[in-house]
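Pasting in a structure now, in structure tokens, and then I'll have a few things to ask.
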Amino acid sequence: MSQSKRRLARREVLGLLAAVPAVFSSRSALAQEPIKVGGIFPLTGGNSVFGNQNFQGVETAIELVNDRGGVKGRKIQLFKGDGNSPQAAISETNRLASREGVRIFVGSSTSAVGMVASQEAERNGAFYWEGMAVANNYTERDFKNVFRMGLSAAGLGEPAPLYAAEVLAPMLKIDSKNLKVAVVAEDSAFGVDVSRAVIAQAEKLGIKIGLRELYSAKTTDLSPLVLKLRSLDPDMIIATQFINDAILFQRQMKEMNYSPKAFVGTSAGHSTLSLAEAIGKDVNGIFSSSFPLDANLNSLSAEARADREAFLKRYEAKYKVAPAVQESLGFVVGIALARDILGNATSDSASDLREASLKVDVPVGSYINGWGLKFDDKGQNRRAFGSVVQWQDQKMISVYPAANKVHDPIMVPLPARNAR
Amino acid sequence: MKPVRSPLTGLLLPVAGFAVLAALPLIFSDAFFVAAVTLAFLGAAASLAWNLSGGYAGQLSLGHAAFYGLGAYVSTILFLKAGISPLIGMWLGAIVSAALAVFLGAITMRLKGSFFVMSTLAFGAVVHISAINLRDLTGGPSGLAIPLRPSPENLIFAKKLIYTYVALVLVIVFYAITRMIAASKIGYALVAFRENHDAARALGIRTLPLRIGVFALSAGLISICGTVHAQYYLYVDPDSVMGLNLSLNFALMAIVGGLGTAYGPIVGALLVSVVSVVMQAYLGDQISGLTQLAYAAIVILVLLVAPTGLGPSAHAFLKRRMTWLS
Amino acid sequence: MDIYIQLALSGLFIGGVYALISVGLTLVFGVLRVVNFAHGEYLTIAMYLTYFMFQRVGIDPFVASIAVVPLMFVLGLATERLLIRPTLEAPHVVQVFVTFALSLFLQNLLLALFTSDFRSVRTPYATAAFQIGPLYVSWLRAAVFVVALAFAGGLAAFLKYTYMGSAIRATAQDRRSARLVGINVDRVYAVTFALGCALVGAAGILLSPLFSVNPYTGADMILVSFVIVVLGGMGSIAGAVTAGLLIGVVESFTGYLAGGELKQLVYFVLFMIVLAVRPNGLFGRKGAEVMDVT
Amino acid sequence: MLRVRDLSVRFGDVQAVEQLSFDVAAGQIVGLVGSNGAGKTTTLSAISALVRNRSGSIELDGKDISRLAPHQIVEQGLIHVPEGRRLFPFMSVLENLEIGAYGKAARGKRKQQLEFIFDLLPRLAERRNQLAGTLSGGEQQMCAIGRGLMSCPRLLMLDEPTLGLAPMLVEEVFRLVKTIRDQGVPILIIEQQVVHVLETADYAYVLESGRGTMQGLGATLLQDDGLRRAYLGI
């Protein structure tokens, strides 16, 4: 429903009510004001794929909380702000703040938007709840009321080498010290930061990095890269890619009849259904280290299990597809904000929300993706971790870490192209 | 292009206009409005700078975001790595931009119409890509975050209203510079050149040094806007301070308001900002893309109906009405 | 050595696609003197049309071209009539910004209609390849290359051997004289613009099995075309084809020898150098680009 | 044949042509003379509809052509050979001539017309495959007139055909003009070479600042003292 329509309707209703003031005005005074939350996501423009996915997750969480009776009896009203650029992030944050009276924000899918929207919120004295932006310097800005529940780029990149060393190397029968890895990434903030984290972690584990190659996600031809990889012949590729370049890369590897023994993506392009839609069964066997999709039911609290069921049902009913990683992340971020921050704060002022955030102590396994919630002094959640999924039968299946594992990995090493 | 020298349009009208602009954020003080006005002022200042070269000299540059971004980066890098105040850094940024503009101008100023446009487009892309790849200096695509340490010396203010007035000061200063240049011999030479290259040459006007000079001035001024942008957004990354869209927007504001007029960029910036913000507010909620769709449609309509810009078209319309009435 | 041949081959293949996209752009520029910033969106539209024909009706992209190319031609006619013709006499900036706003308009129209999800045409032959000695050749890429060159050749023949083609060339060289020999210049503009759209539409169809499409696909691909058009000499078909192939090969080698992140930088720098040294491009006619240097 | 009445053209604040009236009768060479900026070229452009902001009536054989588009005027057989030749520089001489016969009426007669022109202007035949942009000034003028003739004109309008040509070539152009008239195509010619035109033209009009100031037989005007003082410095 649109803002303008809603406002008009309210005005008409108020006009009617003027005739019978006594009864209704006393009732409306008693009614609880909703808690207003503004979502700042890129809903249009180049990054809107993830923005919309994240927003849908958050929205589903808020609807669920409301249907369960809201927060201490108060409903949450979620406003949409289209932060399609840093400029738009500023004006949308301010619009929601001053026109809709929003003092609580959630965001933001890309770091460029999150960085700007959160500083704007901070200066407005509002509370900012970051779920998706991964820039490492995000929490290094001395902000008081900005908290990041989700992962940093470092957190996002680390599981890939860990998984390679712990699980894949033994399966490939290679000592992890002798494992040769090529790191491939698109050259925006996402690719650069995450691939840097991958390399740092790999070096800690003694894994050799044979190649680190960056390219623009807008590229139309990745065959030079495939050729480079073929002549280098690494055991494993760890790739940080967006959607179309991930698809292109897989297709061109196939064209050139090339395959490493294992392929590990890091989120984004490898954790989205578009990949399976584009390359069909060739997707099988690809790993993706990313925000967790789901978790092993045994490792979840009862509440999280109920949430999981409700989320899947609602999401599928509304969008006719199963939620993937970004939607799932949106849901976790929304549920945590509503239940564990708003639910435990004395009021919904920024300072009380800050207080509640600093005090919050939710054990691991309390959210559908296995996360918990505990902030360090910079406002970074310490109980968020990355996980690894694998495409099996054209579906994403969680395989790592143990708490999230639903199924064993398959196709290690990757069979020859004609045998898949 | 006839210069009007009546006291009304010469001084009184602009002073009154700026007084109204200055009063706006005080009268309508909600944060949304103030933020919109601040962005509009900053856009107006940048567009005024662009207009010096793009409007008066007719050098349609689509690479000015490079200079804007340079201003943002130079001052921010100096501030973060050497603790130099942006108040100093912005001048250094302006000098770097102006120097680069002289270099670019020397190469491209002899190119005609579309060729010049394309060369500036490519220049913008080169600078943008360089900023992405010079990771040690620029932080690469992740950009540079500036900590919130309010102090006038840092050009960081806790109260955002101050930015509104900083931007307004830029607008007034750039407007004055534009008026001075337009009224000078340089202005006449540029306009003569823009209107008719051959005629200007026939009159013996040597415009190349003038055009390069104005191009450099334009680059320097717009880079100061970049510094202010950095200190307001507290975040600088290649896409948001050097993107092609930015260049297009600077030009668009001037074109919508009235290319090659001193007031045009201000009118254009206010209109463009108001339209986009209002649409965002009322349409942004529904289907993704609807806001920008409507925005683009409005731009197209304006260009079709008033190809010389809304300011001059309104002026011509009023003039027709006046003569008809009298 | 093998690897260099393979690189050159990949470069030529992608260069063929660049060429086809750029040919339409350069044709429109040469005749109407309009830089069409919305050119990329026509590519996107053609890719969407192909996708929906494939997805909903099951028509193969190569077959779909029979319907898509004429549709794109008609779309081009409509655009020219509604937006380009009214601004032809307007200042140069107005044309630039009308097409820029049109690009924004179309992107968001597609976004509103189809969301920003990536859509892929998945044909069985998309990744099929054959091997010659140590070289891998993708059937599809090779076919795309051949068809792209055939389209460019067909266009050249059309321009050379038909009345309309002569009229288009004449209008490009001197629109005033074209009017005086009885050419309906307005019609030439309409046909040229529509041809440009049809050609980029053909490119979109050919790209469909190779690339996923979302509303921003065309915008991402078009930047390189601007470079190619200037490099080849604005308005020159042969120049666009040569420069397209050249850029493809340069990209390929830069990607291998220097790294993918420098691909764009290299060709933009190349572009600046060409503008500085030989501003009329490789094949451009002298005098079109330079004005008095005083 | 061509009848122009009260033709006026404005460019913004400038009145380029004002209330100009003249006629070209069948079989005539009619000259339009005047100094630089008198409005001669504007007049021709207005007749061939290159300039649209005009008023007044233009009739060809009694038919109003003032509302037609340029290419429709060409179809009517009113051909304008522009100032400065304006050939298609990157087409060969042959292509330039052939495109002269672009109009539907002329297409059918292309072959025979081409033969006629090569007969008339043998030098063009020699250079048929050369790019038009590389021809000498005189050759370009011949080619431009040839291109005009390719359209099967019923009336030919020549704009400064001798501009920048050597005296010998000027003679040649005027000989050609007479030949064309003798073939039955009337000609409206504008020129700064006042003496030549007046000697050649059957009838002439004098333009000053967009107005017609004098008219008469070429030979008569040549004797006019005022005109001689103004244009010939005598």
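Order as written gives the chain letters A, B, C and D; numbering starts at 1 within each chain.
Going forward, a contact is a pair of C-beta atoms (placed from the backbone, for glycine too) under 8 Å apart; a residue touches a chain by one contact, two chains touch by 3 or more.
Everything numeric in this text was worked out from a predicted model, so none of it was measured.
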item	value
Joint neighbours of chain C and chain B, given as chain labels	A
Shortest contact path, chain B to chain D, counted in steps	2
Chain pair with the higher count of C-beta pairs in contact (A-B, C-D)	A-B
Chain occupying the most central position, where position means C-alpha average	C
Most remote chain, CA-based centroid, reference being chain D	A
Chain centre separation in whole Å, for chain D relative to chain C (CA means)	41
Approximate Å spacing (C-alpha centroids) for the pair chain A, chain D	74
Where chain A and chain C are represented by their mean Cα positions, the distance between them in whole Å	37
Chain C residues counted as touching two or more neighbouring chains	108, 111, 115-116, 261, 264
Shared-contact residues (touching 2 or more other chains) in chain B	132-133, 288-289, 291-292
Multi-chain contact residues (two or more partners), chain A	44, 48, 52, 187
Each pair of chains that touches, named by its two labels	A-B, A-C, B-C, C-D
Sites on chain C touched by chain D in the complex	163, 166-167, 169-170, 173-174, 176-186, 285
Complex contacts: residues of chain B adjacent to chain C	54, 60, 62, 107-108, 110-115, 117-119, 121-123, 125-126, 129-130, 132-133, 197-198, 201, 206-208, 248, 251-252, 255, 259, 287-293, 295-297, 299-300, 303-304, 307-308
Residues of chain B touching chain A in the complex	30-36, 39, 132-133, 135, 139-143, 145-149, 158, 160, 233-235, 237, 239-240, 245, 277, 280-286, 288-289, 291-292
Contact set on chain C toward chain A in their complex	3, 6-7, 10-11, 13-14, 17-18, 108, 111, 115-120, 122, 126-129, 131, 136, 138, 141, 210-212, 214, 216-217, 220-221, 224, 248, 251-256, 259-261, 263-264
Complex contacts: residues of chain C adjacent to chain B	29, 33, 35, 83, 86-87, 90-94, 96-98, 100-102, 104-105, 107-112, 115-116, 215, 223, 226-227, 229-230, 234, 261-262, 264-265, 268-269, 271-272, 275-276, 279, 288-294
